[in-house]
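For reference, the structures are reproduced in the following blocks.
First chain A sits with chain B, and in the next complex the same chain sits with chain C.
Then we have the complex of A and B:
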């Protein structure tokens, strides 16, 4: 795969040093360098910039959700990155079941240890169908990812559009 | 000591000091011991699973990291210390009250780290600033109004380019340090019409063990300040 210095974005000389052991792509140990790696294993360097973590979550969400309070939901997803994947899985399931829908994320918080991300969907679905969908979805979610299921909730507002 | 120009609305969204170290006596109890010494200023303690970001052909992908950090936050959340076995960061989010104050915060964190950890070796030091600058429109012409650093494009490619990502770096201090700048257009977000992220980074990658962090950060700050002032146009700075 052709890779260029402009397709990259990482600041870490340690990464370069490690990568040089495995590949000849890196020109010089004197460079911080910004190589896109197929493993991504060295990109953890971003993990300690709060702003870059927020930016990463924002880019991942890619304006596909309305954020009720913006930074509050972003910071929750930074703290709970595993929920990002689930949010997209739920979105895909919603679109498959109900077609295009408006989806909002709304964090309700009583304390740091008691936070729930509400996924609020506005659809033209009837109540029975929406209810059945939620039950089925969470049954599966509690079975496969119980730690995530406890942190998210789904509200489908039928006949909303 | 360099004097920092004061702007009414600086574009700084985060400043980060990084210390990569090897210790002799780290134990699972160390984060708790550290908390005992910083909890007056950083009462909120949280575990942070590091997020990893892969910027590749498919855009940014997020994955969970494997570096368990403990975060110590000030009551307003604007000052954060992050600690793991081998890494200390001191993060400052807005409002930024100036270099003098931030330097004091860094040095205080270093002192408190050394109270609980015997540092065997410093592998790397870094000082980074992130600045979010609104260029109002995703266009090359607007970009050039704000930044002094831009690519030179031939006449045959005289399009209105709307997405830009630049990375430059230069060795400093006989190659012991690296000064780097990264500028990129980023997604639109609340309060910004066409945001760009300008990262400035100064890092000691060689002979880090030979410097005194309190002296090194002055040089790092001076380099970052000069880079900041030189990379932005007066038109841009007039908005700060």
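Then we have the complex of A and C:
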């Protein structure tokens, strides 16, 4: 993902703009509207760069998660691309442990300095099973990727969503 | 004698005799404040503003103990559930989850009090 985002940021967006303007998906997104309301070339490039990064994250997520607030979670992952890989690893572990479950991403922002991306699992699993899973997951995460552990969390509960 | 916030978890358990949404939401609220109040006292955090929840959480995840860090993450999840129980009136809480939150509160306290090598 990091490689994709780097190549996006280096990309000359003008060629993409011409190409993407003809596609309804991109033309309907917020940042493109932002472009049409501004005249500065810098703003145009910035808006398209952000939009391309959003598209990159959205493509990577590939509809495998329900997004509670859509753009809020996408933008958090644009700002924190290192989390994307971990989110998929956690999802795979959840499916392996609890079977097919509905999994959502929900960014909780209590203040500027307290933002956490919650992976929310709807399951009828008993507390004991969820308990050992959460403890093992964070034990590994804090030892291997403490910065990521600080930014993600997990809710496994019978009435999760 | 100083009040022990952990007794709020006992109140939460008493509430499991009821099945109304008010009971279920109160179970989550009392269980959360039982564990939160206990940890706040243990960590000698005396602030009372809305940031006190964050203060307790951040102190825990900055700990050198992995068990305390995990306790912090679980407290953070519990904080989100408690807010939902208190403020999101469009949600329905299921009676099957009554014991879940009481066990969660007890587990967070156990993690906090357990050295990493155990």
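Going forward, the second predicted complex is superposed on the first by the 107 of 161 C-alpha atoms of A that agree within 3 Å, B and C clash if a C-alpha of one lies under 4 Å from a C-alpha of the other, contacts with A are read in each partner's own complex, and residues count from 1 in each chain.
In this section, a residue touches a chain if its C-beta (ideal position, glycine included) is under 8 Å from a C-beta of that chain, and two chains touch if they have at least 3 such contacts.
Given the structure is predicted, the values throughout are model-derived calculations rather than measurements.
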Who does A:72 touch here: chain B (first), chain C (second), both, or neither? neither
In the superposed arrangement, which partner chain does A:134 touch: chain B (first), chain C (second), both, or neither? second
Would you sort A:84 into first (chain B), second (chain C), both or neither based on which partner it touches? first
When the two structures are laid over each other on chain A, which of chain B and chain C touches more residues of chain A? B
Look at A:114 in the shared chain and tell me whether it touches chain B only, chain C only, both, or neither; answer first, second, both or neither. second
Look at A:49 in the shared chain and tell me whether it touches chain B only, chain C only, both, or neither; answer first, second, both or neither. first
Touching partner for A:142 - first (chain B), second (chain C), both, neither: second
Answer with first, second, both or neither: which of chain B and chain C does A:57 touch in the superposed model? first
In the complex, chain C residues that touch chain A: 51, 53-54, 57-58, 61, 66, 69-70, 73-74, 76-77, 80-81, 91-94, 96-97, 99-100, 103-104, 107, 111
Show which residues of chain A lie in contact with chain B when the two form their complex. 1, 5-11, 13-14, 30-34, 36-38, 40-41, 43-44, 46-53, 55-60, 62-63, 70, 78-79, 81-82, 84, 112
Within their complex, chain A touches chain C through residues 108, 110-111, 113-114, 116, 118, 124, 127, 131, 134-135, 138-139, 142-143, 149-150, 153-155, 157-159
Residues of chain B touching chain A in the complex: 13-14, 16, 18, 20, 44, 46, 48-57, 59-67, 69, 80, 82, 87, 89, 91, 93, 123-124, 126, 128, 130, 132, 165-167, 169, 171, 175, 178, 180, 182, 184, 186-190, 197, 199, 201, 203, 205
